[in-house]
């Protein structure tokens, strides 16, 4: 007697099929089907600073934004280009130290230090990571992970930039609203920009590099150069985040190179939905406030990130956003075999 | 009256060892513009190593390679491809995660392709579809839009050639492009090779399938144990005593 | 002279730290980033046995080694097995577990659990006493470290060259497909490897910790040092491991004598990065997959 076996069948929803290609604009229903989730997320993000109770949570939001940026940069490099770079803390540190130092030693104003910190920091990060680019996957990850530690040791050992005390005070933003909205706008810009970029021809080249870089070499393209472009773009994001943190917290020190900044974005990325770039940002906006809530429990936060990370890698590697998208676009039901 | 054909590639005394194994031993030959050169030999004779060294995937220990008057020895693989000397892979290496025509966007993005771009160069997608049609993908069927992972081997081999063609190459080195294909697939590949020749591309074909190769090749080189055993017109080479011994073994006197 | 001797001892310490990590990675290609955590955990468990339950020294050691072995196997069986084959995920997952453990040990106040913080946790050395030689004074524990290091390396070498299971492990490392075809069960081998690797971490903890104290920070530095030795010496090469460990040991001892301990870290990290860039397979490494095979 054969056992009754069930399997899950997934079908695209009717409306999904009706919104393919040109048909998307055939009526308001189709348009709203496509727009609703995107517009919804954007609007929620824009309204968040207004909804949250109080200045404290606005600060949390801004910091969540920092993690979101790091997560987006990690996602871009890892999922779109195939470069697993666990050195988020290095980017934050470099961006933070450059703009902080410019402000502290040269008294440059915020609207100058942040761009310089971003562009210059990205340049520095790319140059320093340049020799590591030919390394195969896991070694590249390990090396980039080591960079923040090396820099911390250097700074402390050589007592550079005031060593353990760090640079303080650093001029902050005129007010928190500007800071928070700057962060949010930039997150949106980066997400749109990166997604657009990956749809262009160069995005295809990135995908090629991730897939099979030998064939890319055989196509007459210097893969290392392509990786440099990608790394520079990702560092722009990371260093901006660093510059932001420096001015937002008014302090620059070796804490900018904390392991937290390297690990949390990965957790956020995996949890949120690797490859989508929106997912990691979403993940960051969930994990960061969560860890704030648990601040009272000390190191439990880190334990939390790690368990979340492990849980998602093992059981739901597609991440929250992809899962939600799947539910939105498809109907599932059990079918008897 | 035949004009003096220009030597397009010159290989001189190429040697390469892997550990204790001498994969290439003082190999030298000339490749003339517009011809199809076949390279044959038993397994392990160094054919693929020869391809790898010429195209820069492996560094030779000694010897020189010249393309027109440019020294290829020591140049990295992407540079050599950029100069117009391209290759296919014995084990096909398309971008499996991309669709077929998107596979060609990558070589079309390279600087060489950009240098040669026509006015239609802005729309790489269209150029890609044209290229696929040239190598035999049916334009109006869904095939160019399928993911490369779902293509059968025959199409993948054509995709490899298309990848080379996207670079407007002067030389294509085909590493066992007939292998793994059925008789009918090979039969349809041969006209493609001929088409490439009429386009002005010089070809080196490393092959095991002698009959098909001899129908297109002008000249053939036989290799064994990393050395060049013989060189010449196919019929002539197959009569050669050394070649027969390499392929068939010693004659047994009964 | 004294610097030299202490340098050698330091080198042997590096050997002890590295042998567990190198064993697991060199043999089954599993980067066990939880190595440092397991090291620290052994220390704390042994301490708990000795102090809280008053078990005799040797029994505590044996028990905690067993526990740690099981922990390692559990980590593989429940977690790593699902991400086997995706090296980045393996690293991330094992490091996440390591972080969870290490930071978890630092927790305070959850259900009355007071975290393991502070310098108060000390493991007693095996043998007390000191030898005075003509050139240098050295305590037994340090000599024990040298002995233990050599013993471990020697026994590991013998194990992988002469014992059936050891040979199977080496087969797995060299060519997984071929080993599978011969009936060697990949998962079971990985379990064994991880069990042994964790035990090795534990043994190194027992040997080295009496020199200082048991704390969570050492978890990170042990991991880094283990990685440094493996990267610099090259994986799959016992000779490389010893030499790299000795080099690192001597270098760090000299660095401490000259410049102070802060520069130690700079040295270690700098060397890792340098070697990874110049010679990714390490000084004596045999990992040819880092070179392209077309």
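Labels for the chains are A, B and C, by order of writing; each one numbers its residues from 1.
By definition in this document, contacts are C-beta pairs under 8 Å (C-beta built on N, C-alpha and C of every residue); 3 or more make two chains touch, one makes a residue touch a chain.
If you're wondering where the values come from, they're calculated on a predicted model, not measured in any experiment.
Q: So which has more C-beta pairs touching, A-B or A-C?
A: Of the two interfaces, A-C and A-B, more C-beta pairs touch across A-C.
Q: Farthest from subunit C in C-alpha centre terms, which chain would that be?
A: Between subunit C and the rest, the longest centre separation is with B.
Q: How many angstrom lie between the centres of subunit B and subunit C, each centre taken as the mean Cα position?
A: 49
Q: Taking each chain's centre as the mean position of its Cα atoms, how many Å separate subunit A from subunit C?
A: The computed centroid separation for subunit A versus subunit C comes out at 33 Å.
Q: Which whole number of Å gives the spacing of the CA centres of subunit A and subunit B?
A: Comparing mean C-alpha positions, subunit B is 43 Å from subunit A.
Q: Among all residues of subunit A, which ones touch two or more of the remaining chains?
A: Counting only residues that touch two or more other chains, subunit A contributes 214.
Q: Using the touch definition from the top, which residues of subunit C touch two or more other chains?
A: Within subunit C, residues 292, 294 contact more than one other chain.
Q: What parts of subunit B, by residue number, touch at least two of the other chains?
A: Touching at least two other chains: 89.
Q: Per the contact definition, I'd like the list of subunit A residues that touch subunit B in the complex.
A: So the residues of subunit A in touch with subunit B come to 201-202, 204-205, 207-208, 210-212, 214-223.
Q: For a test of understanding, state which residues of subunit C touch subunit A in their complex under the given definition.
A: 31, 79, 82-83, 87-89, 91-93, 95-97, 99-100, 103-104, 106-110, 115, 224, 227, 231, 259-260, 262-263, 265-266, 269-270, 272-273, 276-277, 280, 289-290, 292, 294
Q: Going by the contact rule at the top, pick out the subunit A residues touching subunit C in the complex.
A: On the subunit A side, the touching residues are 78, 84, 86, 131-132, 135-139, 141-143, 146-147, 149-150, 152-154, 156-157, 214, 259, 263, 266-267, 270, 297-300, 302-303, 305-307, 309-310, 313-314.
Q: Okay, in this complex, where on subunit B does subunit A touch?
A: So the residues of subunit B touching subunit A come out as 55, 76-79, 81-82, 86-87, 89, 93-98, 102-103, 105-113, 124, 163, 166-167.
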